[in-house]
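Structures are listed in the sections that come next.
Look at the two complexes coming up: chain A is in both, with chain B in one and chain C in the other.
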Partner chain A sequence: MKGGARVVIENHRHEGIFIARGKEDALVTKNMVTGESVYGEKRISVEGEDGTKVEYRVWNPFRSKLAAAVLGGVDNIWIKPGSHVLYLGAASGTTVSHVSDIVGPTGVVYAVEFSHRSGRDLVNMAKKRTNVIPIIEDARHPTRYRMLVGMVDVIFADVAQPDQARIVALNAHHFLKNGGHFVISIKANCIDSTVPAEAVFAREVKKLQQEQFKPSEQLTLEPYERDHACVVGGYRMPKKQKKDVPS
Partner chain B sequence: MGDVKEAVKALYVLFEAASGYAVFEAVGLDAVGMTAEAIQESISDLNRFGRVVNMTAFKPFSSAADALEQMNAVSEGIMTSELQEFLQMNLPKVKAGKTPRFAVGVAEPKLGSAIQEATNIPCQSNDLVLEILRGVRLHFSRFVKDLKDGDLEKAQLGLGHSYSRSKVKFNVNRVDNMII
Partner chain C sequence: MSSFKKAIKRRAHQERAQPSSRERLGLLEKHKDYVLRARDYNRKKDTLRVLREKAANRNPDEFYFKMERSGFRDGVHAARVDVEDDQRYTPEELRLMKMQDINYIRMKAQVERRKVEKIQPSLQSIDETKRNKHVLFAEDVEDLRLKAAMVAEKKEGGGGGEGKEGLRRHLNKARKAAYRELMERKERAQKLRMMLQKMAMEKELLGKGDKRLVHVNKGGDGNEDDTGGQCSVYVWKQERKR
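Then we have the complex of A and B:
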């Protein structure tokens, strides 16, 4: 996409995300590292009112489940400028780079990936983005990386494992603030391919509820992914009415 | 859940940060009650949590290489000689033949048993310890006087890179281990 005066950048409803309106509209994030693409995505340079150039990177919903959820109309992703995010299943770091754009220099992304092959790309990407802390370790064992992670506002998980709910819960018990939030992408096939996707999602939501999670929203990632759901909610949410502390 | 029998003993917790080891003493547990739920209520507020625990010792890692060595050991549940020395210096002495009047909460039981085996310091890992550690993790940079805002993140960033690089490097076959 050519930049210049013909493209107009608008704020998206979610803070830190933007829409580029040109010949075609595109979801974009503000590039933390001007002049560089992470995975060959297009960049749009726009001149601001004061003549300074600001660069944005196009965020492809077919390559990123978080982008798919945003375009699918998710109510709140809880990831915004300044957020501390624990990202489980970071892979090569394509979506992580956009999350890094969103949280900006005052935020932190702890990016956990177990596979060494994609982990190498992740480490390389993180070299240029100082708000990304790469962690090549098994998300099933959060105690192994407890020295690297502080308390976070949001856990994003895209681990595609049958015991995903348990993995997210383990990490939340160690690192997610009281009243923090989670965003999970669930691939039905990865959990149980013998029952309909809807049944898998319902079962996963039930598992989450047993672990002090309070799911508040569920949406499918159609048309970008098949049989995927994105579930969003809170963790250890404060009780509405103040009751006596049980002892 | 809080064990009433433990209440008569002093409880310490070991916290491993990216910048160093720290020991906290849980002093105000009686005031808030011994249950994990009660701790959970108090941790979000630093003023309340500051009355629950005191930091009694902090030992920063001497270098980036030292930090990496400590982390490699801690993540595998191994006690280094540095950690042993730190614990023995900053906890009450364990006398031979007597039951210690204190316990140390450790995040992970394997490291706990390694410590207990080598030093006879009684260790425990349970929900109460986990809750205290959540509070410590949330407020850690405010307990350590010399740590400015963002310093801890910098330590995490440096250690995260060196730890992850060493993990990736260990794989000799690198690109050639694709399974097609």
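Then we have the complex of A and C:
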């Protein structure tokens, strides 16, 4: 079996995400910028049916909460090819690069990060990826970057701030379309370290519900992160019509 | 007729070597192995001969001062019989040697940790059952039932991975090996870390200061073969430093 294919790529349930099966057993995304790693992650090259090489990048769940949520079996992340995504708390852009892979050339990722230090890496990453728009601003003040951001389909937030729900709500009121969706990673310790994690999650969910969000699921990110939860839901969802029950 | 049979080319059966799985059983009775056996026998014979000759030609007046200190201990030649083994080095020397050992173990532990860091990301146990908690929010019971059923029936892999059966089997095997390697490396890193702790404790015990044993952890006192338990706990007397 020498010289043959050493890996097989399967489609994941979520569109735009793949699973590499070989010596690896990993989530991967199709690399938009072939030949380059963003944060030293492994790349896997596969030859397609028509003989063209396609490159995938391994998505590390220990470094990305979104990957941890996907591996944890989240029902829907709403981020798919062509999506417009507002990414709050982009940090150095490791996860952003994978989101950019998922949405592809037809989608857009607006990546907001406050810290200049990690923002530098983010900008460098965005230079090579045309669908990423880096914004070095405080996510608490969406008006400061309202000229840069259009309406989005999904907000992903990983800001680890006590007022995270408020930050997400502010941004959603500005940029998220009606019937759009949100994905939030909550770190219990960052919000309140004195109460059990479960209570913090419940409180955050309540806060979100008050802001016209409608959470649909919540899952913890074990074993990749401790006391983290990922909450997914809709925003200003249209009223459900009662189905006519034939009598 | 018989000459005709002889004319047909027969397959030449060659002597086979000992298979590697039976190597422990030693050499075989065949010429190739006989050569090896004979060579070994003769080498040993020659060595004995040389040693006998040396003993016969020994100069009985030969003397070195080191001979005064060396001799036999339990039938084995020892460079110094006048000093017990544990007194051969000063505490400072011992400390230095311990330090070198610790540095080596630390290096090895680091190597293992790095290796784990390198292979961990691409081994994500995708097919394993999830250990996390999944909460679904629903408007009413009917909605909840619908959602739960939807989640339950979804599997991670949506298929699309085309490949022959042989290839699949090969990949599965490779993956299993990779998982095993990861597990072994993790275990080894853990053991090395424990060992490092114990050795560091031993080194500290050789150092200065008044100390007192406050808690004994059985089997945790730096035996190389045992790396399970934790170190015993010591308390150093506080010393005023200028």
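We adopt the following convention: the second predicted complex is superposed on the first by the 236 of 247 C-alpha atoms of A that agree within 3 Å, B and C clash if a C-alpha of one lies under 4 Å from a C-alpha of the other, contacts with A are read in each partner's own complex, and residues count from 1 in each chain.
The criterion applied here is as follows: a residue touches a chain if its C-beta (ideal position, glycine included) is under 8 Å from a C-beta of that chain, and two chains touch if they have at least 3 such contacts.
Values in this document were obtained by computation on a predicted structure and should not be read as measured data.
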{"item": "Contacts of A:S83 with chain B and chain C, given as first, second, both or neither", "value": "neither"}
{"item": "Chain B versus chain C as contact partner of A:S64, first or second or both or neither", "value": "neither"}
{"item": "If touched residues of chain A are counted for chain B and for chain C, the larger one", "value": "C"}
{"item": "Contacts of A:G150 with chain B and chain C, given as first, second, both or neither", "value": "first"}
{"item": "Chain B versus chain C as contact partner of A:N171, first or second or both or neither", "value": "neither"}
{"item": "Which superposed partner A:T94 touches (first chain B, second chain C, both, neither)", "value": "neither"}
{"item": "Contacts of A:G119 with chain B and chain C, given as first, second, both or neither", "value": "first"}
{"item": "Which superposed partner A:I19 touches (first chain B, second chain C, both, neither)", "value": "second"}
{"item": "Contact set on chain C toward chain A in their complex", "value": "120-127, 130-137, 139, 147, 150-151, 154-163, 166-168, 170-171, 174-175, 177-179"}
{"item": "Complex contact set, residues of chain B against chain A", "value": "16-18, 33, 35, 37-38, 40-41, 43-44, 70-71, 74-76, 107-108, 130, 133-134, 137-138, 140, 152-153, 156-157, 159-161, 163-165, 167-168, 171, 174-175, 177-178"}
{"item": "Chain C contact footprint on chain A (complex, rising order)", "value": "1, 4-13, 19-27, 41-42, 58, 60-63, 71-73, 75, 205, 214-223, 233, 240"}
{"item": "Chain A residues touching chain B - in the complex, by the definition given at the top", "value": "108, 110, 116-117, 119-120, 122-123, 126-127, 130, 133-137, 143-151, 173-175, 177-179, 236, 245-247"}
